[in-house]
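Let me begin by presenting the structure, written as structure tokens, before commenting on it.
Going in written order, the chains are labelled A, B, C, D, E and F, and every chain counts its residues from 1.
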Amino acid sequence: MKRLDLIFSERELDAIIKTLEKANVPGYTVMKHATGRGPERVVTEDMEFTGLGANAHVIVFCEQEIIDKMRDNIRDELSYYGGVAYISEATPL
Amino acid sequence: MEINPILQNVLAPPVLFFLIGAISVLFKSDLEIPAPLPKLFSLYLLLAIGFKGGIEIQKSGFTDQVLPTLSAAILMSLVIPLIGFLILRFKFDVFNSAAIAAAYGSISAVTFISAESFLESQKIAFDGFMVGALALMESPAIIVGLLLVKFAAPKNRPKSRKMYLSAILHESLLNGSVYLLLSSLIVGFLTASSNPSGIAKMEPFTGQLFYGAECFFLLDMGIVAAQRLPRLKNAGSFLIGFAIFMPLFNAFIGVFVARFLSLGPGNALLFVVLCASASYLAVPAAMRMTVPEAKSSYYISTTLGLTFPFNIVLGIPIYMSLVNTVIPLSPL
Amino acid sequence: MEINPILQNVLAPPVLFFLIGAISVLFKSDLEIPAPLPKLFSLYLLLAIGFKGGIEIQKSGFTDQVLPTLSAAILMSLVIPLIGFLILRFKFDVFNSAAIAAAYGSISAVTFISAESFLESQKIAFDGFMVGALALMESPAIIVGLLLVKFAAPKNRPKSRKMYLSAILHESLLNGSVYLLLSSLIVGFLTASSNPSGIAKMEPFTGQLFYGAECFFLLDMGIVAAQRLPRLKNAGSFLIGFAIFMPLFNAFIGVFVARFLSLGPGNALLFVVLCASASYLAVPAAMRMTVPEAKSSYYISTTLGLTFPFNIVLGIPIYMSLVNTVIPLSPL
Amino acid sequence: MKRLDLIFSERELDAIIKTLEKANVPGYTVMKHATGRGPERVVTEDMEFTGLGANAHVIVFCEQEIIDKMRDNIRDELSYYGGVAYISEATPL
Amino acid sequence: MEINPILQNVLAPPVLFFLIGAISVLFKSDLEIPAPLPKLFSLYLLLAIGFKGGIEIQKSGFTDQVLPTLSAAILMSLVIPLIGFLILRFKFDVFNSAAIAAAYGSISAVTFISAESFLESQKIAFDGFMVGALALMESPAIIVGLLLVKFAAPKNRPKSRKMYLSAILHESLLNGSVYLLLSSLIVGFLTASSNPSGIAKMEPFTGQLFYGAECFFLLDMGIVAAQRLPRLKNAGSFLIGFAIFMPLFNAFIGVFVARFLSLGPGNALLFVVLCASASYLAVPAAMRMTVPEAKSSYYISTTLGLTFPFNIVLGIPIYMSLVNTVIPLSPL
Amino acid sequence: MKRLDLIFSERELDAIIKTLEKANVPGYTVMKHATGRGPERVVTEDMEFTGLGANAHVIVFCEQEIIDKMRDNIRDELSYYGGVAYISEATPL
């Protein structure tokens, strides 16, 4: 099994979840209120009340094939709006 | 320009709490108002402003002054972004220019209520229907900004990101803060017309609590503004100059429009403040979604880090003396 | 059934804010009240309802009507889940039937205070001790629900998950929202009897602020309800029908019990509303812990997505006209 | 060293922590207010104020033996109440 | 010592809500006030205490009693940590002794306002300038604690962790809660002197709401304290004894200082309560940053788990009878 | 690519971020309000309002060299103030 970590602006959350669902992920977890810095911008907690919002950290445990299915869509989304995506190995307990 | 009104403005609790917040950052205190508490106060203020404004509009009815003033307000929020865009294009690309210009065409509700508090402390009358102007100036500036992107930069965008009119209208009218303000205004209006006993029951929440909640929120805004300020350095002196010059310029146009509308000094100040203030709620939300090519630090650092504090601390009394100078002149 | 009271109910601020919240979801506005702000208002409302109820009970004392009414309230919250269970078993397994039935046997405090607001706007008197009925109807329904699971589905559960009576009592009495309501009631009672000056000092917080806080919370409830509604489709038409039919059926029984108790129209409405409302705080909390076999989306989508909005917007005026029809009839 | 990621309803947090402590984990980290979707249910932020609560994401860095000790208990808990558990490799810095 | 004032103290809403919170933990209720709501109330209380105190000080002016009382307060917060340190060194290392001692030298604002509520319910007068003593007693204890670490344990620390005077001053004066209290006091003072109409506008927020917010916060403090209590077992009986003995000892010194200052019974109680209370906001924040060698569970479990509840429930009436015994004696 | 997970008291967040920036990390993500237990202390949510604060969970995706550059500084910080740091493998999507 794989573990996919996605970090991006929470304003794009709905779009990303739609992409995940279209690829039939077995599930996903969302942690909002993440902040951070990337090559593009700094996201701070004190800006959450404004329209900018904070980041969302999305974790998906799924098979490689599912990742292959959604790779292009996610890359497209993240390269336009910003954010990062990394894959690592994971074994069910 | 007298120094007295500036000092008087600074010595009011809301401005003092704003300064306290800003100073805490300067001195590296760990004072912090964690999320989502600022959101609570921001939602509360929008709801209360809208509700009270709706009641006032229902009470005063649509007098002679209402329609011309509201139309002029909309006009200003259409024109200002265009002027701002032309200025900003000297230095920035279409995306950044449009986003920043939209922010300055739109308004800041907290600057508006600070101006109301200032007028109250100076015992200068103003009308409740000005909240209508506040509510109506948020969306047009967003629409202009997005149309500028649509028509001035169609080739720089991937095809998949084409901007549709429906999306533009959605972002400008259904944006959370625009929607809450407008719909609370309608609730206030309906309550005043069909359920007057509801007004008294809401009063402790939307009325009495307001000033204190404003202070608390300004404490946070002081922290936020002071944290944003150093980031302005990266933005360069052109943008720093713009963040001070543009409000003054807009105020200058605004005061003559106000004179043309024959507004009294109170309403005139509010009108000028609406022109001079810049948005950090509705516009950033819309731009982040639809124009990610623009750097959010540009439109946020300028509006929150410089224009907002400038208006709150110095701008309002400056605009007041501008109003006092221009308005009493013989009518056009 | 006249249309007038329905319109009047809808034009009150709390219901208007509820509708605003719901419409924002319909139109896909990004208006959001982030966690834990809804929890703040929910805790506040429970504390304030309890505190004020405790004071009222202490003031009015235990009159002739109090004991019979409270007993009848407890009885209703024991009987309703049993009826609901029998109906639901046509379509659902024991776990889901018991969980949903318990939710409909228990109560919704916000529906109750909406009914109070309605009565106040209609200038119909009611008694403070009805809050006692509110407080007493939460737990019995939970107990019945859990006992139904214990005795109707002992073989479908792993042995390690045996349900002990102590756990059932714990979940039903020490559930956070039950506990806060009950204990605030006791605090109110003690304050009124031994420290009356404390009442006046609490009044701005628990009294004056209440209506506004109710509106703010209902704004959020509108958002939540409208987000839940589409999920009901998956639940099927049987459950959708149940979520409308069951409150009406419970109201129907309730109004005759109210008549039997010779309650005045105000108290009768509150009694009926308690019977007709369904829980989305205490019961889901208890069921999630002890009956994870039941699908939470079933008991949450029905109570929050359909029954709650129905009661708030249409139910209360409908029940009022039911009360007006049944109560004035010659005594049994 | 291993990294164990557990995601489940925060209402079961106390029970899971008890299981961790019984297996003598050297430590653990809890992130509450996570939401998501699994095979069983959808957990959304707007339901946090009700009795349902949100999810908790628990991270444990520990040796394989400790995981072996608690595997059955955790599996039992998660299969009854819902939730996921994944193991991956991790090296101390 | 009469039992009556203790019972009367316990039957006031703030203490009742504190007990409700504590009992909910005892009975394993899942009642929870999620973060950051406690922070909201804690910030609010500090802001309101400071603001109202600033107004009072401006109104009363610097009478004869003000300066000696404030000086004595500072002195107490310098001396108490030294005594505490000497006692604690019997059992603990320099780091833990200094951190715990600093906490007991500093103050708890909520204990202070509980004492104010107690005085109001007993109709005993006190002066607004005592809030000045509250504000001035937070920092000196932190400074003493950090100096003790600096000079008593220089060799036990890595060189990279040398403690600079500037850091000590920073931690003690710009700590978030110290800063908010002090600066709100200044805002209150400035408002009262130059903008009196601002006082009335703040009153619903900082005044009327205060008692209710205090109750809500104490509900949370009850939960927190009861959750901390079992951890005290690990700390050992020496520390448990210290957490009860030290407040009593400090109260004892305090009451004679109060007599020496010729304070009236109200001011004397507040002075004694400041001496007897221990900090769980400013001091832990400072110690966590600068003395991580100290176990935070020691200084938090004692102050929050034992000293705070003791003072709130039993301490205040005990100190009152101490004041009533010592103060009326013929002057020294 | 590597993934670095740091968990420590949020009161040390500024210092750690400074260390990250000095090593020129390409970005980082911060999740505050984490709680947990370590060998040194228990961090609970109910203490967040006091001066103690909760934990921060920091994730950094970066190359091994960057980790090597900041290893000593981070270790030093964490061993003094408490907290854990683990590295695992990660591949960009």
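The rule is simple: a contact is a pair of C-beta atoms (placed from the backbone, for glycine too) under 8 Å apart; a residue touches a chain by one contact, two chains touch by 3 or more.
Source: prediction; values computed, not measured.
**Student:** Smallest number of touch links from subunit C to reach subunit F?
**Tutor:** The distance in steps between these two chains is 2.
**Student:** Does the subunit C and subunit E pair touch with the same residues on each side or with different residues, judged by whether over half of the numbers are shared?
**Tutor:** Subunit C and subunit E contact each other through largely non-matching residue numbers.
**Student:** Indicate the whole-number Å distance between the mean C-alpha point of subunit B and the mean C-alpha point of subunit E.
**Tutor:** Result: the chain centres lie 41 Å from each other.
**Student:** Averaged over CA atoms, how far is the centre of subunit A from the centre of subunit E? Could you give it in whole Å?
**Tutor:** Computed from C-alpha means, the inter-chain centre distance equals 45 Å.
**Student:** Where the centres are mean C-alpha positions, what is the separation of subunit A from subunit D, in Å?
**Tutor:** Using C-alpha averages as centres, the distance is 20 Å.
**Student:** Quick check on subunit A: which residues sit in contact with 2+ other chains?
**Tutor:** Within subunit A, residues 31, 33, 45, 88-89 contact more than one other chain.
**Student:** Please set out, as single numbers or ranges, the residues of subunit E touching at least two other chains.
**Tutor:** 34-36, 39-40, 175-176, 204, 208-209, 285
**Student:** Could you list, by residue number, the parts of subunit D that touch subunit F in their complex?
**Tutor:** 1, 3, 26-33, 59, 61, 88-93
**Student:** Within their complex, state which residues of subunit F touch subunit E.
**Tutor:** Where subunit F meets subunit E, its residues are 9, 11, 33, 41-42, 44-54, 76, 80-82.
**Student:** For the complex, give me every residue of subunit E touching subunit F.
**Tutor:** Contacts found on subunit E: 34-36, 38-39, 42, 158, 160-161, 175-177, 220, 223-224, 227, 231, 280-286, 288-289, 292, 295-297, 300, 304.
**Student:** Once bound in the complex, which stretches of subunit E touch subunit C?
**Tutor:** Residues 8, 11-13, 16-17, 20, 23-24, 27-37, 40, 120-121, 204, 208-209, 211-213, 215-216, 219.
**Student:** List the residues on subunit E that touch subunit B in their complex, please.
**Tutor:** Contact set of subunit E toward subunit B: 35-36, 39-40, 43-44, 47, 51, 170, 174-176, 179-180, 183-184, 186-187, 190-191, 194-195, 197-198, 201-202, 204-206, 208-209, 285.
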